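Presented sequentially are two complexes of subunit A, the first with subunit B as partner and the second with subunit C.
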Partner chain A sequence: MKVLLSFPLVIFIFLALTACGRSPFTNENYNPSQLVQGQNTLQGALAFPQQGLFIRPFWRNGPVVGDEGQLLIVVSDKDGHPKNPSGQLSLYLWMPDMGHGSYPVSLKQIAIGVFEASEIYFTMDGLWDIHFQILREGQVLEEIRWPLTL
Partner chain B sequence: MKILLAFIVLVSSSLTWAHCPLAFSGSGLCGNVEWVSGPFINKPSHFTLTFWKNGDSTHQPINVEQELKVYSWMTMGHGHAHGGPKMTLVKLSDGIYEVRDAKFFMGGMDGYWDVRVDLLQQGQLLDRAASRVKFQE
Partner chain C sequence: MASNTLKLIFSAFFFLELLNPSTVFGAACCGARATLPNLIVGDYRTQWNISWANAAITHQASSAGQVSKRQGNNQEVQETISLSGAYLISDLWQIQSQIPIRKNSRRTLNEEEQHTALGDISIGVAYEFLPETFYSAWKPRGFVFAFQNFPTGKSTYESDTKLGTDATGKGYGSTGLGLALIKNWGHYDGIFSSEYHRGWKERFQANQNTFALNPRYGFSSLLGAGVSPYQGNFRIGGTLGYSFEAGALVNQGRAEEKTSPKYLWDVGLNLSYLYGNSSLLFGYNDQTVIGKANNANLARSLLFSWQYFFER
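Our next item is the complex of A and B:
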């Protein structure tokens, strides 16, 4: 049943992000003069090779300095079917050039293989890494890094 | 003895008179940050912000005519500084504001957080005061 529910959601996200015109995820209340907007440079997916899983992150808000970023994350197998990782998915922000992180990211699972990340705060412009981890009993099983420049 | 008493009264009254935790010298205002919840690291904190006329020992809240901007500011040991997550500011009554979603973190930083309060006029900074954040254990 959950798979049945998650499938239309993934289709909706795909159509929303590839349709012409403004994304419905665009926040009309932005004041661009006060924000630094980053570029979504990811082509394709990020891979967790040991688990044979792929991560496709979709920005619902951001990436941006000066406001909360929100990310929809779809985890799927090699055939593109949404799948839960074998362990707990977690992510955190790190600024490698400055040597510090940010506020803890909130992560909520909304369907099989589909997660919603909020409270993503890039507090300054520059190079940031988003680290995706799969954890089990506090141990990191796999980790991948998504570099972003804001 | 009378001189000693007079001295104590004078000192205590001058301290009351001078109590101005956030001093906005250009606007003649004082302010205070009172924590309702926190301040915490890595979870939301909540405080009230009150304004009164500088010199008013009763701290009667008064309306702030200027535009108000409240935000967190991290100053790091190596000289860099940056802001923090956006806070939610709600006016409760004249001179009294509720500030929610104050989100502080250290994340490996060697530095300190301030709550900064800016008074703006037509978008230009008129006055700024800051309150150092001392975290709950």
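Our next item is the complex of A and C:
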């Protein structure tokens, strides 16, 4: 009886360790021209009305499914002068149709009003929202979303 | 020979249980949830089953119902190895459990990621409300069942890898009720199963974003038929399944949003062979054949399972 009970467990562990991660049904044809690219539909800038600031994002890489996207973000006042928000700029990805987000985006300030976002991973095709937030002490002061379809 | 037929039908039943999109085919975030029972229908007390399923996400359906093929730069394979068992506690009552281990693999142009972890464990109980006491040409055997899925696997809501391969579970528990009918006529057999479930509300913390998820409800139905040529030890079967998951309510602290509902169809073919107290099963399942789906990843899958029966 003990052998009969332990045999399935041994097989179970063996199979768990030998799963190969491949399938005969996947398309193995890697082709950079087939990357799922998003459309940059933003006209003009996104506004934080309470702070009187505008955000202009520029894709350095992407938006693309499954590979790293990088975004240059310029925050400016109504006259177009770069300006830091009065709070911490933050952004995250959200898929509203699915109800989930993605890997945390890294954000680095490189000049006054200029930020570089990296590690932007859209894990699947579909509608995504990039949420830009201004935070102070963990509280969201203002938030805007930028919808993208990939 | 009748006992053989029942065991082969049981194999088919187990196959159906393994075709459960939540445990095998759907992406952890996106597959519709369906749970079909792992029922003992033969004259035995206990059974064990070990199975291996390999599912490749080959297509995806948008929230507008458009189905598109995935490109080679976005490969996703989910392998699930499940250990499950069922035990007859009396002539009409039985209990069951399933422990899945899942390996998710993704390859994109510049990234490759794999993760293996425990999936969502489930337990269940079934009652045979229509036992086959006397022969009837039309009356099926009927079971009602209840199940409980536990969120033991990490979910896409808690994922902290770039391509989300560490998500091996749904992230929330669910409780369900269902009905299963089986009938065999000589060489032929038919199966119908349907279930309804409700997900438990859950809170998640992701980045600076805390949100509450109410998964609401879902249901699935499955129709299957098979034939054992010459009433031998082989059985060839086919299945047609449908899974629906209502749009979840997500509250990120501002306004409550509703996600798009998910549904998909799947078609399966399976071949099983009975030898002694064991049964081997090989199956193929395809969620792209019907071509009607919404807000879901669609997979083509291979399955192999071995089961062992203990007589009463």
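The rule is simple: the second predicted complex is superposed on the first by the 117 of 150 C-alpha atoms of A that agree within 3 Å, B and C clash if a C-alpha of one lies under 4 Å from a C-alpha of the other, contacts with A are read in each partner's own complex, and residues count from 1 in each chain.
Rule of thumb we're sticking to: contacts are C-beta pairs under 8 Å (C-beta built on N, C-alpha and C of every residue); 3 or more make two chains touch, one makes a residue touch a chain.
A quick note: this is a predicted structure, and the numbers were derived from the prediction, not measured.
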Scan A:T123 for contacts with subunit B and subunit C and give back first, second, both or neither. both
By the touch definition at the top of the document, which applies to A:G138: first (subunit B), second (subunit C), both, or neither? second
Which partner, subunit B or subunit C, touches the larger number of subunit A residues? C
Quick check for you: in the superposed arrangement, does A:D79 touch first (subunit B), second (subunit C), both or neither? neither
With both complexes superposed on chain A, which partner does A:S90 reach: first (subunit B), second (subunit C), both or neither? second
Please identify the positions on subunit A that touch both subunit B and subunit C, taking each partner from its own complex. 66-68, 98-104, 119, 121, 123-124
Sites on subunit A touched by subunit C in the complex: 4, 8-9, 11-12, 15-16, 19-32, 34-36, 65-68, 90, 92, 94, 96-105, 119, 121, 123-127, 131, 133, 135, 138, 140, 143
What residues on subunit C touch subunit A, complex-wise? 27, 29-30, 48, 50, 52, 54-56, 58, 60, 62-63, 68-77, 79, 81, 83, 101, 103, 105-106, 108-111, 114, 116, 156-157, 159-164, 206-209, 213, 248, 250, 254, 257, 259-260, 295, 297, 300, 302, 306, 308, 310
Please name which positions on subunit B make contact with subunit A in the complex. 42, 74, 76, 80, 82-86, 103-109
For a test of understanding, state which residues of subunit A touch subunit B in their complex under the given definition. 66-68, 93, 98-104, 119, 121, 123-124
